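You will see two complexes here that share chain A, one where it goes with chain B and one where it goes with chain C.
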Partner chain A sequence: MLYLGIDVGSVSTDLVLLDHGLQVVEKHYLRTRGNPIRAIQEGFRLLADQYGDREIAACGTTGSGRQIASVLVGADVVKNEITAHAVAALELDPDVKTIIEIGGQDSKIILLRNGVVSDFAMNTVCAAGTGSFLDRQAERMGISIEEFGDYALKAETPVRIAGRCAVFAESDMIHKQQMGYNQSDIIMGLCEALVRNYLNNVGKGKDIRPKVFFQGGVAANRSMKIAFERALGFEVTVPENHKMMGAIGAAILARDAVRKRARTRFRGFSLVEKHFESKGFECEGCSNRCEVARICENGMEIGCFGDRCGIWSGRIRTCRPIADSL
Partner chain B sequence: MKVGIPRGLLYDQFHPFFTRFFTELGAELVISPQTNKSILDAGVQYCVDEACLPVKVFHGHVCHLRDRCDLVFIPRIMQLYKGEYICPKFCGLPEMVTNSIPGLPEVISHPVYATTMARLRQWAMASACPITRDRRRVKSALEAAVDEQSRFRTGYHDQGYPIKVALAGHPYNLYDTFINMNIKKKLNNLGVGVITEEFAGGEDTAQEVRALFKKPFWTFARKTYGFIAALASKKHVQGVVYISSFACGIDSVIIELVRDRIKDFPMLVLKIDEHTGEAGVDTRVEAFADMLERSCKHESDHSPYGQCLYSCKSPV
Partner chain C sequence: MKVTIPHMGNVYIAAKALFEGLGVDYVIPPLNSRAALEIGSLHSPEEICLPFKILVGNYIQAIEQGADTVIVTGSCGPCRFGEYSEMHMKLLRRLGYKVDFIVIDAPKSIGFKELLARISRLTAHSPGTKGRKWLALAQAVRIMGLLDAVEAKAHEKAGYEKVRGTCKNLLKKCRQEAYSCGSPDKMLDCLNGYNRMMNEVPCDRTVTPLKIAIIGEIYTVIEPFSNLYIEDKLMDRGISTRRLMTPSWWIRNTLLSPAGLNSPGIKTASRDYLPYYIGGHARECVGEAILSWKSGFDGAIQIFPMGCMPEIVSKAILPTIARDKDFPILSLVVDEMTGEAGYVTRIEAFVDMLERRRNHVVSGY
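Here is the complex of A and B:
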């Protein structure tokens, strides 16, 4: 019996399988590359070789692409990232008080008291200072993102980089680079700027107490962890599966949902073989002119997204789970 | 004579007054439709870049009326209560619009000071000029309009939901379901009922405002602050959802004042701008509802009276 959790984020799509004791038995971290459907298919291809449909006892989705993922795979639970991250962290350590999570497009702070979320905040409409910005800077400097953080560890005197806005930060970095500062010092300066920006915006007015978990893709960057520790003055823990915490949370929530329902809605790994197509159109039903995305599976419509009134998205409530047709 | 009335900014609050007034004068009314994508697009195209979203949307509404009427009414609302003012953008709104949108018909934009009947009469006489000069007719139109407005009630007060939150923000952000992505429906679908400031006036609110170090300069600030502070401190609601347009100066003051007063009482601030992708808002609203639901379950689990205070549907 395994629980499948899928986190479809802006930059990465993560899949995990948990066993009965909620231990991670399989994890895959894939790049979404602007195509969540293909990323999920790719993930399923990796899983289908080793696992059968019947081994999956429950399936949950989270992340900004959770709705589309749930239609594709037949999810038992569709949960927002905040709850998913909190559930996963609390499972790992019931004493965690603060979660710092920085992903591709979002940065969040989650405060936990007595085992429940007591407050949270997310970045506003602007995505400055998140993973995709670090990605871009690494690419610009010709350093792979995996090595980016280690570069900064060599820094001796970090330079100050403007952190308020990604565009300001980039121009400041370029100016510093043209003035001859070395790359390590600039990168460490950038990490410090991002941490400063995070604490002053997302974390503004929040009572950050230890124990702090640092989760999300950006937590792989060791310099970010150090910059947080310097700014906060205490230790910050990066959980082993920091990238997969959302997916782990989704899997745990799915287990709980199936306990009540007694049967999973999971549609099976055969999804790999299917041909999915997404077509956008503008609905002419009213003056809102919603842009509707229609997802077709082998030519058959399985779901629509993006309409406000629900005339399209409400058309197909749930796909028949394979368990029903057996 | 066709008078165009844009369905933007304070239309939702004062449409009974304005529509009745111009109807009584004998004008034919053309009202722009509910905000939609083409209105938003036109607004963004014509309006100066620095303005907030509701002002841009208002431009879109005026643009829609441009070729459909002989006169456009752009209310320059200055004051609703003595000693306080409306957002500064409202004072210069007619100038912003007329200088940004070319080819507009004649514009009615006399300043509205709704503090006394005498000042309203001045406004009425000036505004009615292009339509009629019959002073008696204008006077009775104004009286009918004031009467119509006094009987008008707006706002939300949901009953029968396990969780209740205060829905706060400027009225044009709360009641324009296009720009706020129908936030009320989203909350209701998650089992969260809302209450707005229209249903929570009274002494508690006034007392909270009096306790401030000085009287708020803006009407929006006074009302919203009093509303949130009163409901949160009396725990009449479990949380606050504040809808704020990106770059709103007044909101930045209100939000800080409120946070200072209510401390760690749950409050979700949703910044809205041109975005029409709903994933970001959905995540925040769902997480907030989850948090309230879980914490109220948690409290009820540990209730000293041994009873469940709220019945929450799901444990997650």
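Here is the complex of A and C:
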């Protein structure tokens, strides 16, 4: 009996398998590279070698690609990232009060009180300070993203970087480089700027109390953790599976959903061999002109979404799970 | 003269009845879509709020269909909307369009005489008698009231309906059918019929759906295109919603405000947090948050366009209300850059949160 959780994010696609005691038995962290279907297939190929379809008792999807993933794999639950992250963190430690989550393209803060989400916020207009931006800076400086955070640990006097906007932050970094500051100090300065930006934007007016969990791909960056601790004045915990927390949450939620329903909708690992194609088109049925995405499996339509009236998305009922089992 | 009006929710249906009742030539621009917004964004200042841009799109689309006179409401209040009609006139003139504006403003700001003078610019082209014109106006106001009533019932009943989607489909049919009616009399009959049908939608009143109040800036809460059809999305999830801001509310409020008799409930409710009118509908937003908390709602969603000055003030006040009353409030900012994915994620997470909070209280964990 295993529970499968899939988190299809902008940058990474994560798959986890949890056992009966909700311990992680298998985890895969793959790059989405703008093609969620291929990423899921790649992940399934890795799992199909060791596990059979019958071992999967429940399957849940989350992340920005949760809809497409749910159509593909036959998910029991399709949940937003906020709920998924909160569920995973609470499972690990019921005392957690705040979750800082920084992913590829968005950052969130989730406040938990008495074991439920009491408030949350997401970055609104700008992606400055998220994983994609750090990726880009690491690439520009010729440092691999895995080592990027460790570079900053050597910093003695962090340089002040203007972190309000990604483009200006980059110009400011270039300017500081041209002035001759050393790389470590600049990277640490960047981390501090991103933390400042996060606390002033996403965390604005939020009562951040310990215990704080720092989740998402960016939590791998040790300097970001230190910058957060410096700014908040208390310890910040990075859970071992910080990158996979969304997927873990989806797996736990799927287990709960199947308990109510008694049967999983999981369609099996065989999708590895199938040929999937997604096409977007503009519906001309009315003046709304919705952009509809159509997913086809071996030439057969298995799901559509993006339309408002339901004329497309309502066409296939058999394999399309109801979004969010509210 | 060929008149037109910009879109705001169901106003176009009542406007059609008014123009037909008066017997004046009119154009209703195509329903709001990305096309309208794209035209609007192209010609508008970048930092201006979303309603401005959509309005420009509406005007240009209507002008292309032959409209030469725009009827729009004004407001001499401290919100930037007060200047929009002037700015729109200038902008359209600069683009080479020849178009006249009739700006209907509150009698408090421009006086009754001026208001009547402006209205007569429209009615002068009507062939009917004076009595006929008054009747057309009364019928249009009645139609607006019925549309708002049918819509409010659909939104409320969506949580209780026995077959999910009944209310949403009925509401959709109601709009389509009312709009295709040939005369104001027929439209009134049609709407009365739908009002009855809406009353008779089979409901199960024993269930306890989530109840969410929609509050915020008047245009973005009323015009579904601007808020990415939030009310439809919530109806799909079987959530009961309430929105006090409607075109009928605006008419009533505007007529009663010179005597200070407008919205007594909102005035009392907002007293502790925002006792002044600071422009736009910020005070209404704060008042509605309190009112919905008092009437047992699970939470409220505030919607406003990016850069809206009055709503930024209320946004800053709402967290205090949320804390004091333990009443979750989600603020959503919309503009032409709003990505639907992130927007839906926020709504889903908010609904989830309300659901989980409730289960928590019930189970006494």
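Assume the second predicted complex is superposed on the first by the 317 of 326 C-alpha atoms of A that agree within 3 Å, B and C clash if a C-alpha of one lies under 4 Å from a C-alpha of the other, contacts with A are read in each partner's own complex, and residues count from 1 in each chain.
Going forward, contacts are C-beta pairs under 8 Å (C-beta built on N, C-alpha and C of every residue); 3 or more make two chains touch, one makes a residue touch a chain.
On a predicted model such as this, the values are computed, not experimentally measured, just so you know.
Quick check on the superposition: with chain A as the shared anchor, is it clash or fit for chain B versus chain C?
clash
Who does A:64 touch here: chain B (first), chain C (second), both, or neither?
In the superposed model, A:64 contacts both chain B and chain C.
If you stack the two complexes on chain A, which partner ends up touching A:256: first (chain B), second (chain C), both, or neither?
It touches chain B, and chain C stays clear.
Quick check on the superposed pair: does A:288 touch chain B, chain C, both, or neither? Answer first, second, both or neither.
Both partners, chain B and chain C.
Based on the superposed arrangement, let me know which partner A:120 touches: chain B (first), chain C (second), both, or neither?
both
Using the touch criterion from the header, give the chain among chain B and chain C with more contacted residues in chain A.
For chain A, the partner with the higher number of touched residues is B.
Examine A:77 and indicate which partner it touches, taking first as chain B and second as chain C; both and neither are also allowed.
The answer is first: A:77 touches chain B but not chain C.
Could you tell me if A:308 is touching chain B, chain C, both of them or neither one (first, second, both, neither)?
In the superposition, A:308 contacts both chain B and chain C.
Find the residues of chain A that appear in the contact set with chain B and again in the contact set with chain C.
Shared contact residues on chain A (touching chain B in one complex, chain C in the other): 64, 79-83, 106, 114-120, 122, 124-125, 205, 287-289, 308.
Tell me, which parts of chain B touch chain A in their complex?
My answer: residues 33-34, 36-38, 178, 181-182, 246, 259, 264, 266, 271-273, 275-276, 278-280, 282-284, 286-288, 290-291, 294-295, 298, 315-316.
Along chain C, where are the residues that touch chain A in the complex?
Within the complex, chain C contacts chain A at residues 30-31, 33-35, 229, 232, 237-238, 306, 319, 322, 328, 333, 337, 341-342, 345-346, 348-353, 355-357, 360, 365.
Flag every residue of chain A that touches chain C in the complex, lowest number first.
Listed in rising order, the residues are 64, 79-83, 106, 114-120, 122, 124-125, 205, 287-289, 308, 324, 326.
What residues on chain A touch chain B, complex-wise?
It comes out as residues 64-65, 67, 77, 79-83, 87, 106, 114-120, 122, 124-125, 205, 207, 253, 256-257, 286-291, 306, 308.
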